[in-house]
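The chains carry the letters A, B, C, D, E and F, assigned in the order they are written, with residues numbered from 1 in each.
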Amino acid sequence: MNLYWIPLLTFIGCFIPLATVKWGRSLCTAATALFPALALLIVLQNLGAVLHGEDIRFSQSWIPALGLDISFRLDGLSLLFALLILGIGLLVILYARYYLSEKEQMGRFYGYLMLFMTAMIGFVLSNNLLQMWFFWELTSISSFLLISYWHHRSDARKGARMALTITGAGGLALLAGIVLIGQLLGSYDLDVVLNSGDAIRDADNYLVILVLVLLGAFTKSAQFPFYFWLPHAMAAPTPVSAYLHSATMVKAGIFLMARMFPVLAGTESWFLIVSITGLLTLLIGAYMALFKHDLKGLLAYSTVSHLGLITLLLGIGTDLAAVAAVFHIINHATFKASLFMAAGIIDHETGSRDMRQLNGLWKYMPQTATLAMVAAAAMAGVPLLNGFLSKEMFFAETLDQSTLGSISWMIPVFATIGAAFSVAYSLRFIHDVFFNGEPVDLPKTPHEPPRYMRVPVEILVGLCLVVGIFPEQTVGHLLAAASTSVLGGYLPEYHLYIWHGLNLPFIMSIIAMAGGAVLYLNRQRLFRFQAHFPERNESQLFDTSVKKLRDFIRVFLAWFDNGSTQRSVFWLLFLALAFTLFPLMQLNTTAGHRPQIPVDTVMLAGATLLCVASIATVIWHHLRLLALLLLSVVGMIVSIAFALFSAPDLALTQLSVEVVTIVLLLLALYFLPQRIRNYSSPSRIVRDLSLSVLIGGVVGTITYALMTRPFDTISGFFTENAKTLGGGTNIVNVILVDFRGFDTFGEITVLGIAALGIYKLIARMRLFQLHADTNGLPWTEDKHPIMFQIISQALLPLALMVSVYIFLRGHNLPGGGFIAGLITSVAIIQQYIARGYVWLQDRIRINYLTLIGTGLSIAFLTGVGSFIWQQPFLKSWHDYVHIPLIGEIELASAMAFDLGVYLTVVGASMLILANLGGLTSSERLRVEDDQ
Amino acid sequence: MNHLTIAPILIPSITAILMLLPPLAERIVLQRWLAWVSFVLLLAASTALLLQVDQQTQVYLLGGWQPPFGIMLLADRLSVMLVTLTAFLALCACLYGSAHEETTGRFFYPLFMFQVMGINGAFLTGDIFNLFVFFEVLLIASYALLVHGGGKEKTKASFHYITLNLLGSAFFLIALGTLYGTVGTLNMADLSAKVPLLAAETQAIAKAGALLLLLVFGLKSAMMPLQFWLTRTYAAAAAPVAALFAIMTKVGLYSIYRVFGGIFGDSAGDLANIATPWIWPLAIATLVFGMLGAIAAPSLRLLTANMVLISVGTLLLSFVMNGGQSLAAGLYYLMHSTLVAAALFLLADQIHVQRGHAQDRFVVSRPMKQAGILGAFYFTAAIAIIGLPPLSGFVGKALLLQGVTDSSERIWVWSSLLISSLFALIAFSRAGTSLFWHLSGSKSGTEVAKLAQLVAIALLLLASPLLTLFAGPVTSFTERAAQDIRQSTVLVQQVIAESEELTYDTH
Amino acid sequence: MTPTNRSWIPSTFNFVLLFVVWLLLTNSFTIGNILLATFLAWGIPFLISGLQSETSRVKKPLKAAQYLFILLWDIIISNVVVARQVLGNTHHLQPGFLAIPLDLTDPLPITLLASTISLTPGTVSTEVSVDLKTLYVHALNVDDEQILIASIKQRYESRLKEIFGC
Amino acid sequence: MIILEYLTVIFLLIGGFFLLVGSIGLFRLPDFYMRLHAPTKASTLGIGSILVASIIFYSFKGDGVSIKEFLITLFMFLTAPITAHMLSKAALHVRQPPRPDTLNIDQLENIRDRK
Amino acid sequence: MLENTVLAVSAAIGVSLLLNLWRFMKGPHMLDRILALDTMYINAIALIVLLGIYMGSPLYYEGALLIAMLGFVSTSAVCKFILRGDIIE
Amino acid sequence: MELIFALCVGILTACGVYLTLRGSTFTVVIGLTLLSYAVNLFLFASGRLALNAAPILKQAEQHTDPLPQALVLTAIVIGFAMTAFAVILAMRARADLGNDHVDGNPPELEQTLQHKDKRS
């Protein structure tokens, strides 16, 4: 079987419990366990080969651009971990079957557990650094789900979040480290990486890589100063703790260090960082464990301490230290998993984990007590148990280093102190729980757990014993294989004897035992001493600091983005200024060499009008009607300027747009507050004025610089071909309906959409209807002055005639569909003004919406019509048709297109204006409700 | 002529037009079906075009006028990739909207269609003024869609959004005037050919114009300090609209790619890469601002909006970093972030509806009726958008990290990318735990998502695992697409040169 | 436009007016254009007939033409007069409001009268009473109120009465 | 031909003169009702003369007689009085005070209420 | 000669426009400003016709026509606004 | 003339920009309209100024650059649509939010406004 089957099986296993949970708890458990069991079989199938030093690999290309392959390897180290993960995993599954109550969603639990198992197994089997990271992060995610399994509990949510945040942050650092390695080596393949130790250690950024990778490892393995998430992760159900926080997840960081050992270790920085971190963690964990009244809290800190021990060993970096580290990984996994399970049983059967309540359980659950005591003894390092062996090796290694120079002796001293604390808290675990008088206020009467709930504990405790007594025969090969992997294919000389003779390490053990006993006996004094320090709840601390950070950010953001439109506009304009000012400063002279037009009186007068009117608009902007009138002055001058400078089409368009805009603004004026308040402070005004003047200056400068410089343009083409290819003499119009007809198509679409949008805005708009003007003067009674009506009526046919005229001549002379459409609209609007909405609504039955649709579809059909002749969209066509009597008539597809423009313009402007007019006649409002 | 090229513009256009006319105008059911059919058709057409342009870039001459005189569509891998993305996104958003939003105001479907038309037009056009026109199409449609459903918040957000964009459009025109007045052409490839030939004394003017384009595109893409509209708008818009808006920032980004990669890219002589020194700090500022906003966000919608900001910053970075070599990674990230953000907007809406008074704010609330499925959706989306394995975000992020090789760039890019991921992780874990797990009372509301809504979210989310699974072929495609910025320009320049020969022959 | 009371035949006046206007606009007298003019002069009134409320019709077109020339002449004369007033010492002017009792009853002739008054410089029609019986006029310089009223009534109103036959 | 040119010049001068007079009137006449008379001059004889000049000009330019300027005149004649009417209505409505020596000033409220 | 006349007359119109502007700025009432604007429209018509004569081109005629039509609409709309507030009721 | 033209464009721009920075919706709309005049003139000027050179064939010896004119035409129409939308939105904002501030409710003015609205 190929290696990928191992993670694949566990992955499939994620879904099994969800599917089988309805068949009952036992069946669900069995079905779930089947898949890791199969996976374990595959591992075992390869056991022999790997133990004989053969590495098994599988590789499949996945994302070449990233250098990420699906790549697995089974070597000694991964074999060891695979056995731990799958083996203990199976035990946890069995254990959880009894641990979880009937009410609990077992399917979800097992699903998460299997997901975690997949992540873990994928991680240890990875033969590609990126893939390794992939599974690494998956372990964080799935552990988040497991820790927060009881998500109705606040501590579970907080604990899970904290664990995720810390390990997630470490994961990101790890990713950075990994990518740096990848960039350095050009590959993430572990085979390449493991063979490039020298290259990495010699790299300029070795220290950066090291720190980043170690950040990943330390956060995951709860090393100082990141250890605090682990105790809070104890909010998880105990099977989770037994699995994640003893054997697997926290060991992922250790695994990473072990994996990268051949590549990163062996330097002074490695030694200093790793060993000091390990030592600190070892001490702090051991010390803290003693003071935890919570059974799981004690175990959590003890785990921290043991992880520190392994880290310290890896940090020492000698070959034998590495072997010791591997050995302790195995031992710790077995005794700690069993201890957690035992704690879970106690919790399950007594309803409490508080050692101040739990007393004298020996009487109630002797079998469990025996198991727990053996495991605790292993944790304390009592001879004949596995913990003793690896601790002896550890002591030996602390003595065998000299990297700290003259103060190297401190390490074994501190190691002994740590071990003493370890003995003390183990003693506390045994004595406080199983002896020490009678239980206090337990919610339940304790008794032995269900038979099979104890089985996993028995197996693990059995292992502790067997390994402790027959180390070479049981784990010898495995240890050798794993250590060979860690050391990069080399295995030092070592012996797994139970008895090495009375040597220094053994003396250290004795001191630790005695010291531990002394510490335990004086525990009350120690508790009192510890009580002087404020209780530090890291979870709360973490939460508060995140909250404080958030509050600070909120204040900052609220200051920066205070929700003000003016602020945003200011930034936009400021950036516009910055973007233009710098390039313009590189411009040597503003004026170019192009000959300029001489000035005459009219131009001067016009310019005066324009400037005065626009400045007056600024000054009088709070007098709304006046501002509006000033605006029309500006508009008029702009139109005249267009006319003057040879743009008749523009002049016409500007004029007609102008009128419609005025009407629209007048309507708005009526519904807006009559008085404008001065919303600006003087300093704001000065700031805005400066900005505006600068922007105006920049735009003016560009205008002048452009106009006075000659340039080459593509326009000659249009002038040359407007008639011959486009069939019209009005070049601008030919551009609009033909050369660049697509722009026009977009433009009328914009107009149509605007009308739809405005229609939406108007619907259900509730506005005040004023009964008097600004000065409190009531409106005149004469709604529709009769003379005004009569003349407006007379003007209508004339205006329509003009609009037909403007429409028809557009292709050859100034005019066209857009202007014609606006003239038509204005003519109709004039009727609305003169006659009122109601009068007209009864007489005009046009659906303006349909008009827009028709206009757009005509334009569209003109465009796609050319498809029939295999021509692209909007390919124009024109011809001269001779009709008797009438003469030659030009027919052009552009004309149809222009008709579309015309109809859209009429439809859109009328849809807007007529509906707006209808607002105050709301009784007759035919607009459907827009909520 | 290959009409498939223009189909992504014409399909939504005619659909929208038909919806204004009887018999569809008044019949929402018909409109709904037409919209679905049309989007499926659009997706099919875009996909077909995508396959085509992967073989051969397509140039479509509107009205048959040769470039640079007429308007031209340019369908290359880059543009069609985005068009296809739009089609898929729009289909999902429309599907979602058909459950509720179609009835909360008029013209939902036609406006939706017009919006898509505008977006597709902006992606496909090869003419800078035509780009302006399509920008306006998509903007006006977005204004109208933004107010869809009514309410104070929408009105408030709209005025802000519109004021900024109208100013943006004004500067767009100034920029175009400046470019035309100096270079004398509007075709983007032709601009690219002529910009290096500019006389020294006009270069400065053209540069000012070009940077104004950066302002405009920056505004659309929500680049700092032009991002103010984004959170407000996204928080106020109706869910399917917000989802569709997720592609809008990408239009701005795409335009930046085209203009500052194509016209003012490496081959622009003295004006080469003029935007780069500006984009660098602004992109990082955007990212930082986005991640701060994510931490501070009080609701899922705002959180998502800030994630969009982060993605904008990231994408801008991908454009400038590593001398422009990381764009392929950026394009992958673009697809991923757009779809996931859209899904999150839709999801936030469902959460909002089902949590009653608490809406999508991170406060204690009653349980949701469909907490299970929504939770699963949320979990998926969060993992994807934070950039964690096993979903697409991590691929994009890793590609981007890997893309930076210059050590001075690396400091900035890596720290901003990684820290933003961490902030996103913190924000989303907090958001998720408080939305789904911080409950009071056991009685859930009665509101349930309609099937169409769930399917829409699921479809969008499905993209993420697919993008991961097929990351190999996808990244190889985006690598080719990233090269198109340069290659398509050269291609069009050849077309122009050929047509000029033709023109001279006839005269 | 779908008018409620569509009339197929436009009023002659409208037809002629529009026909002439078209020819004026296009300044072309080809057969084709004349046909087009005819079509438009018929079509446009037809299209908008729903929006046109009934008004009095011109009964005596010749008189109307004559009226036009009188008006033109008066405009020229009064322009000169008013120009002198405007450029001269404005303090010597005696502005005033006049109430002209109307014999006309239909809105259209009244409107035309009012327009005539306004077009001749020196007088502006400001308001017409609700019952359409009085036209209020502002005059720039009133030498004699009654003479001015009488001259307006005699010179314009009587002629209009004749033209519209009322 | 030269006569036509002279005619053009004369009409232009007349037009320009009256336009100027109209604006001067607007500039210096003392109350609103009096100022209201000013544009009437400009719009009638002022514009009229200029349009006539234009007609003559295009006629001698040789493109055939162009008389479409009449249309502008028609529009002006139709609309100018109504503009004045609406303006004076508005002035009455907002109770613009006429010069105190205005004849029948006591009738102002009646006129305003269209009695 | 014609050219000089046109220039002279257009100068006169320029002066007229400035006089209108003066009235516009001075007011005193809004109606004075509206009146001034209306007079500006008239001067603008003349100016455009003159422009046509000056350029010898009839292209600008429609501009004048449009001002004649549209100037009326906007002036009357503003008056209606002052009279009734709601211009389309 | 070019200098005066540029001056006008500059002043128009400055005025428009200043008004868009104000706090009331109507003023912002006015500002945007002014700005769009400036922009249209600017875009127009990018084809350079010319007298008596209308881009109508047979009507003049020379023709000024027709392309910017076509662009300005498009811009005018689009600008019109946008302005219209902004105007109506300003009204809608007034209707929904009760005042005409660009942000809906300026905190320092909220009370006085409520007071005023009650009266009206």
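Just so we're on the same page, contacts are C-beta pairs under 8 Å (C-beta built on N, C-alpha and C of every residue); 3 or more make two chains touch, one makes a residue touch a chain.
Remember, it's a predicted structure, so these values are computed and weren't measured experimentally.
S.K.: Among the remaining chains, which ones contact both chain A and chain F?
M.R.: B, E
S.K.: Given the touch definition stated above, what is the smallest step count connecting chain E to chain F?
M.R.: Counted as steps through touching chains, the separation is 1.
S.K.: So which has more C-beta pairs touching, C-D or A-C?
M.R.: C-D
S.K.: For chain B versus chain D, what separation do you get between their C-alpha means, in angstrom?
M.R.: Between these chains, centre-to-centre, one finds 58 Å.
S.K.: How many angstrom between the C-alpha centroids of chain B and chain A?
M.R.: 17
S.K.: Taking the mean of the C-alpha atoms as each chain's centre, how many Å separate chain B from chain C?
M.R.: The computed centroid separation for chain B versus chain C comes out at 61 Å.
S.K.: Could you give the separation in Å between the centres of chain B and chain E, each centre being the mean of its C-alpha atoms?
M.R.: Taking the average C-alpha coordinate of chain B and of chain E, the gap between them is 48 Å.
S.K.: Two or more other chains touching the same residue: where does that happen in chain D?
M.R.: Answer for chain D, listing residues that touch two or more other chains: 17, 24, 36, 38, 66, 68, 71, 74-75, 78-79, 81-82, 85-86, 89, 91, 93-94, 114.
S.K.: Give the residues of chain E that touch two or more other chains, as numbers and ranges in rising order.
M.R.: Chain E, residues with two or more chain partners: 10, 13, 15, 17, 34, 56, 59, 65, 69, 72, 76, 80, 82-83.
S.K.: Going through chain F residue by residue, note those that touch at least 2 other chains and give them in order.
M.R.: Where chain F meets two or more other chains at a single residue, that happens at 16, 20, 25, 38, 40, 42, 45-48, 51-52, 54, 56, 59-60, 67, 71, 74, 78-79, 81-83, 85, 89-90, 92, 102-103.
S.K.: Please list each pair of chains that are touching.
M.R.: Going through each pair of chains, those in contact are A-B, A-C, A-D, A-E, A-F, B-F, C-D, D-E, E-F.
S.K.: Which of the residues in chain D end up touching chain C in this complex?
M.R.: It comes out as residues 17-18, 21, 24-25, 28-31, 33-34, 36-38, 40-41, 44-45, 48, 64, 66-68, 70-71, 74, 77-78, 80-82, 84-85, 88-89, 91-92, 98-99, 101-105, 107-108, 111-112, 114-115.
S.K.: What part of chain B is in contact with chain A in the complex they form?
M.R.: So the residues of chain B in touch with chain A come to 1, 3, 6, 10, 13-14, 17-18, 20-22, 25, 60-65, 68-71, 104-107, 110-111, 114, 117, 121, 129-130, 133-134, 136-137, 140-141, 143-144, 147-150, 159-160, 163-164, 167-168, 171, 174, 177-178, 180-186, 190, 201-205, 207-209, 211-212, 214-215, 218-219, 225-226, 228-229, 231-232, 278, 292-293, 295-296, 328-329, 383, 388-390, 394-395, 397-399, 401-402, 405, 407, 414, 418, 421-422, 425-426, 429-430, 433, 436-439, 471-472, 475-476, 479, 503.
S.K.: Give the list of chain A residues in touch with chain F in this complex.
M.R.: 563-566, 569-570, 573, 594, 596-599, 603-604, 607, 610-611, 614-615, 617-618, 621-622, 624, 627-628, 631, 634-635, 638, 641-642, 644-650, 653-654, 657, 660-661, 664-665, 667-669, 671-673, 676-677, 679-680, 688-689, 691-693, 695-697, 699-704, 706-708, 711, 713-715, 718-719, 722-723, 729-732, 735-736, 739-740, 743-744, 747-748, 750-751, 753-755, 757-758, 761-762, 765-768, 770, 812-814, 818, 908, 912, 916
S.K.: Given the complex with chain A, which residues does chain D contribute to the contact?
M.R.: Those residues of chain D that touch chain A are 71, 74-75, 78-79, 81-82, 85-86, 89, 93-95, 114.
S.K.: Which positions of chain F touch chain A when the two form their complex?
M.R.: Touching chain A from chain F are residues 1-27, 29-31, 33-34, 37-38, 40-42, 44-60, 63-67, 69-74, 76-85, 87-92, 94-95, 99-103, 106, 109, 120.
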